[in-house]
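Listed below are the structures to be examined.
Both of the next two complexes hold chain A, though its partner changes from chain B to chain C.
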Partner chain A sequence: MKVIKINKENWAGGLEKSKGSYRLFGPVKNNELHEFKQLDKEELPDCDYFNTRLSPKSIIYPQSETMFEFSLDENREDHHILKEIDTDYSPRAIIGIRPCDAAAFLLVKRNFSTPEYKDSYWLNAYETTTFIGLACGNPHDTCFCTTTGCGPFNEEGLDLLLVDAGDCYFAKTITSKGENFLRAAGWDAGTDVETVCEQIKTMKQEAEAKITSFVATDKLKDKKTTDLFDAPFWEETAFACINCGACTYACPTCWCFDIQDEVSGYSGIRIRNWDSCMYPLFTLHGSGHNPRSTNMQRVRQRFMHKLKYYPDRYGEGILCVGCGRCIRLCSVNIDIRRVCDLMNSYEVQVTSD
Partner chain B sequence: MQNPYLPYPVRIDEITTETEDKNLKTFRLVFINPGDEEKFSYKSGQFAELSLAGKGEIPIGIASSPTEKGYVTFTVNKVGLVTSCLHSMKAGDIMGLRGPLGNSYPWDILEGKNIVIIGGGFAFTTLRSSIVYMLDPAHRSKFKDIHVIYGARSPGMLLYRDELSAWEARDDINMHITVDGTEDPNWKYNVGFVPTITEQKAPPGNADTYAIICGPPIMIKFTQPVLDKLGYCHDNIIMSLEMRMKCGIGICGRCNIGKEFVCKDGPVFTLARLNEMPKEY
Partner chain C sequence: MSERGAKIREISERLLKEGKIDMVIGFRKGTLPMMNEPCLVKSPEDVKNLVWDSNCGINLAKYLIGRKEKIGVVAKGCDSRNIVTHLIENKIKRDQLFIIGVPCEGMIDRRKIASMFEKEIKEVAEEKNKIIVRGSGFEKILEKSEVLQKNCAICIHRNPVIYDELAADIVKEQKNVDRYKDVRQIESMPPEEKRDYFNDLLSPCIRCYACRNACPLCYCPTCFVDESRPQWVGKGIDLTDIKTFHFLRAYHCAGRCTDCGACERACPLGIDVRAFTMKLEKDCFELYGWEAGMSKDERPPLDTYRPDDPNDFFK
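The block that comes next holds the complex of A and B.
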């Protein structure tokens, strides 16, 4: 492991230099809110931020993505035959991504890269991207990452971790991709690794201590799926939900999509768009039958997927990194922490006649 | 990296109108690129995405059998945007085919067993594939008794009527065709709903006998108690499910029942497995 010290006076220059090798993405303030976008020439990321309103998943997995193109012109030999499109998969780097959002990509990867099928769009974008994380010194009271297997200084899913130390960043290299980025930016000022590591460790403990919101997930694994599915708390949990889908759009671990064709004149494209389990059309059969026709069924699906189906399918933790976006954005105050507690502590009532 | 969403280009070779209401047509598709047919190697019970440029894709069970070479067939009910467009297409038109997708009927387990096929309405397609596969001279000896209980609303709504007649004439398959009702005085087969005919004609359940059921929910609902009564254990009752699908490869997220994706882990499940899954289908 290598730790580099980046004096903030060298920050802008290094980033500008790296733009020769990478397309840079970073948080920028748009009106009152931060969002990730590609950085133009001379444009800097605003690293003095809490987190973006929407997760950076769209950088790897655009909200709307062209998959194929085709021609309907029967005078062309290849009419009605779908063709792959040219997509720019040149190297990219996301600057200042929060550890929770980077860890989310690892959870989502299990869906897009399976032994049987590889989603080439997602994987090509993911593998050509370098993740430059920014440790989280001031978490929000809706953050609960320390109990989701993540944390404000979590390194999994990152290639480089930046720690803001006032007049400088400490850059901890995690992978060779991270090292390559440092080289491209020309940052190579060595430092006393041992002292700096101690300093980072202290800062990490301080940040973790600021997270006072937790979820218990220890008993989810042993619950029977059908017991949780039939549990009595879903009606009340879902009662206020207006199925707006904001939680699924903001969530860094929600991945569902729809595939649609669009035609203009003789030329057309097949695109995929983010979709949401909150919408009735998501599961509506051609016959009119809908296995998730009610609000309650859709809310149950969202939480069961994150907290039970996913952990069971992959034998891993929950499909949530604790970023808290869905809690902050929910207009009716549905809180995944509360639902998780309901599920984790649920015991089937045995009634004796 | 291979793109799992890219369909094989195919040409419509022949279109057959199957039913008197003209709502069901069978499309015989041939691959345009040599070599694609071999890549599209499938088993009975699998499905594929039919892809119409400009309209979209639909998941449809494969009606042909792997023993039928040179083409793949699909019988499609006219329901929505893509199927309506498909119904208006003609032989020679170009479309796409993506698959094969999903698991299949468990042929490794079914070998050496008595097979009871129970089908209703237009869900008979992958069952037709299975029957043709089992009756193939290379495979018939691998199975013991074969029973087929197949029902439709009326004689004119039965699929594959020429083949049904041919199978009726054979002595190595026991056909029990039925209709809900008919005014045809020449109708020589059964009249009655599938569950009733199952009760009358299906062999009793035992370790060596497997039932494969495919049909509308109402048929499945009333056939299951009959099979219970006949002594079929739930490991020996095999069902094929339907769901709204997009990707067909377990990625887009909509067709799950609990942790299982119907498109990838199914569409075929034993009743024993379904009993452990949420009732959300």
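The block that comes next holds the complex of A and C.
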């Protein structure tokens, strides 16, 4: 591990220099909202931000992604043949991604890269991207990352961690990808590693102490899936839900998609779009049968997947990094922290007869 | 604790105890500042969860659709008009409902308030016409009238139009309100500017459908955007498809929309989706003198024929 110091006066210059080798993405304010976008020439990321409204998952996994193209023109020899499209997989770097959002990619990777199946679209994008994290000095009331196995200074999933120290950033390299980025940006000012590490440690503790929101997940593992599935609290939990896709689209760890063909004239594309377990269409069978036809069943699926099926399947914790977006964006105030506590503390009522 | 809240609890408890209803649909306190959660209360013991304040902007008429039970429903002015619309459209029967009417003094705009502060808001309280906002190291008192939701600021039907019992005295309706200023501004744009305006307005849309799903009018078993045979609209994030969704949804609400603002409130990106429905509201008002949901005995303009229809092609 290496720690260097980046004076803020060298920040813009270094980023500009790195654009020679990377396409840069970063948080930018647009209409009151921060969002990640590709940075133009001379454009700087706005690192004075809490977090983006929507997660940066779309950089690796776009809401709508073209997979193939085809022609329906029978005069062409290659008509009706799916052809892979050219996607630009040249190196990219995401500047200023929050540790929770970077850690989310690791959770999602278990789905897109299994021993049997590799999703080349997701993997190509992921592997060619360098994650330059920005430690979180001011977590919000809806952040509960410290109890989801993550944290405001968490390093897993990052290649480099930046810590804002006023007039400079401390940059801690985590992987060789991170080191390569430093080289491309020309940042190499050494520093007294030991003192800086101490300083980072203190800042980390301060940031963690600012987190006031927690979830208990310790008992989820031992609950019987069927007990939780049949628990009586789902009706009340799901009542307010309007089954929109805001939570799943904003979530850095939701990965479901739907594949569609779109044709204009004779030329067509096959695209994959984000989908959401909140939508009735999500599970509608060709026969017309829908195994999750009710609001309650869909809400239960979302939480059971995140908090029970996923942890049971991979044994590595819940499918949530505690970013709090779904809580902030839900128009009817369905709060995953509340649901998690209901599930974690649920005891089956034994009826004596 | 608000007086309206106390009255709602009192009425609910009485009705549940007397067995007049099976449940109450109202609001319970949310887990975030400026948020309440629609909730279902089935037993008199749980009545204590019911609240009322300026954060009850979700339209509870949404939750009545197709229910079979006897329901006590808490209804502010706009909710009551959507209940009337449901009665006209046979979505619920009048004798299934006990309407607890709440004369309303407007809901506050949580996004507007949040955008007024650099720091995170930790708590929002209210007292009469003041909204007190607190965060770490700051407290500010705002005039409620300055931070109302946009639809509430121009609302002229704050009192429920239909109810079985009221949770407060009738409030004074706002007079001399210019409801269509924003619409006129868009109407006056030349076509290109209008196109650009709508493109800009909708470019952040992620098609999560929160606007549609929060709306009490959007109850079709399969929405046209979800049809696959034929597939009317593409499913990606092409702006043409996004616009098709919004324009068509607005048309489906013509003569039915009460400008409750639930759609706009629900949008996670804060998109001003009322820009579409307000235009249709204006047309219905100017062409037919129609305001939605005012009386259950009158048919809405789009499903009636009148010989004096202002459009020439009808004659």
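As a convention for this text, the second predicted complex is superposed on the first by the 353 of 353 C-alpha atoms of A that agree within 3 Å, B and C clash if a C-alpha of one lies under 4 Å from a C-alpha of the other, contacts with A are read in each partner's own complex, and residues count from 1 in each chain.
Assume contacts are C-beta pairs under 8 Å (C-beta built on N, C-alpha and C of every residue); 3 or more make two chains touch, one makes a residue touch a chain.
Remember, it's a predicted structure, so these values are computed and weren't measured experimentally.
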Side-by-side fit of chain B and chain C on chain A, or clash:
fit
Examine A:D119 and indicate which partner it touches, taking first as chain B and second as chain C; both and neither are also allowed.
first
Under the stated touch criterion, which partner chain does A:F214 make contact with: chain B (first), chain C (second), both, or neither?
neither
Looking at A:Q260 after the superposition, I want to know if it touches chain B, chain C, both of them or none. Which is it: first, second, both, neither?
both
Considering only the touch criterion stated at the top, classify A:F229 as touching first (chain B), second (chain C), both, or neither.
first
After the superposition, just quote the angle formed at chain A by chain B and chain C, using C-alpha centres and rounding to the nearest 10°.
90
Return first, second, both or neither, reflecting whether A:Y89 touches chain B, chain C, both chains, or no partner chain.
neither
Which partner chains sit in contact with A:E32 here, chain B, chain C, both or neither? Use first/second/both/neither.
second
First (chain B), second (chain C), both or neither: which does A:H305 touch?
first
Tell me the contact category for A:Q297 with respect to chain B and chain C: first, second, both or neither.
first
Using the touch definition from the top, say if A:S287 reaches chain B (first), chain C (second), both or neither.
first
If you've got the overlay open, could you tell me the nearest Cα approach between chain B and chain C in whole angstrom?
6
Overlap of chain C and chain B interfaces on chain A (superposed complexes):
258, 260
Can you list the residues on chain B that touch chain A in the complex?
1-7, 9, 32, 51-58, 79-80, 83, 93-96, 217, 242-244, 246-247, 249-259, 264, 276-278, 280-281
Residues of chain A touching chain B in the complex:
67-68, 70, 72, 79-82, 84, 111-112, 114, 116-120, 123-124, 225-226, 229-230, 255-261, 263, 268, 270, 272, 275, 277, 282-287, 289, 291-292, 297, 301, 304-305, 308-310, 312-313
Taking the complex as given, what residues does chain A use to touch chain C?
30-33, 50, 53-54, 63-64, 140-142, 235-236, 239-240, 242-246, 249-250, 258, 260, 262, 271, 273, 276, 279-281, 327-329, 331-335, 337-338
Listed in rising order, the residues of chain C that touch chain A in the complex are 30-32, 35-40, 58, 62-63, 115, 120, 122, 204, 206-210, 212-214, 226, 234-238, 265-270
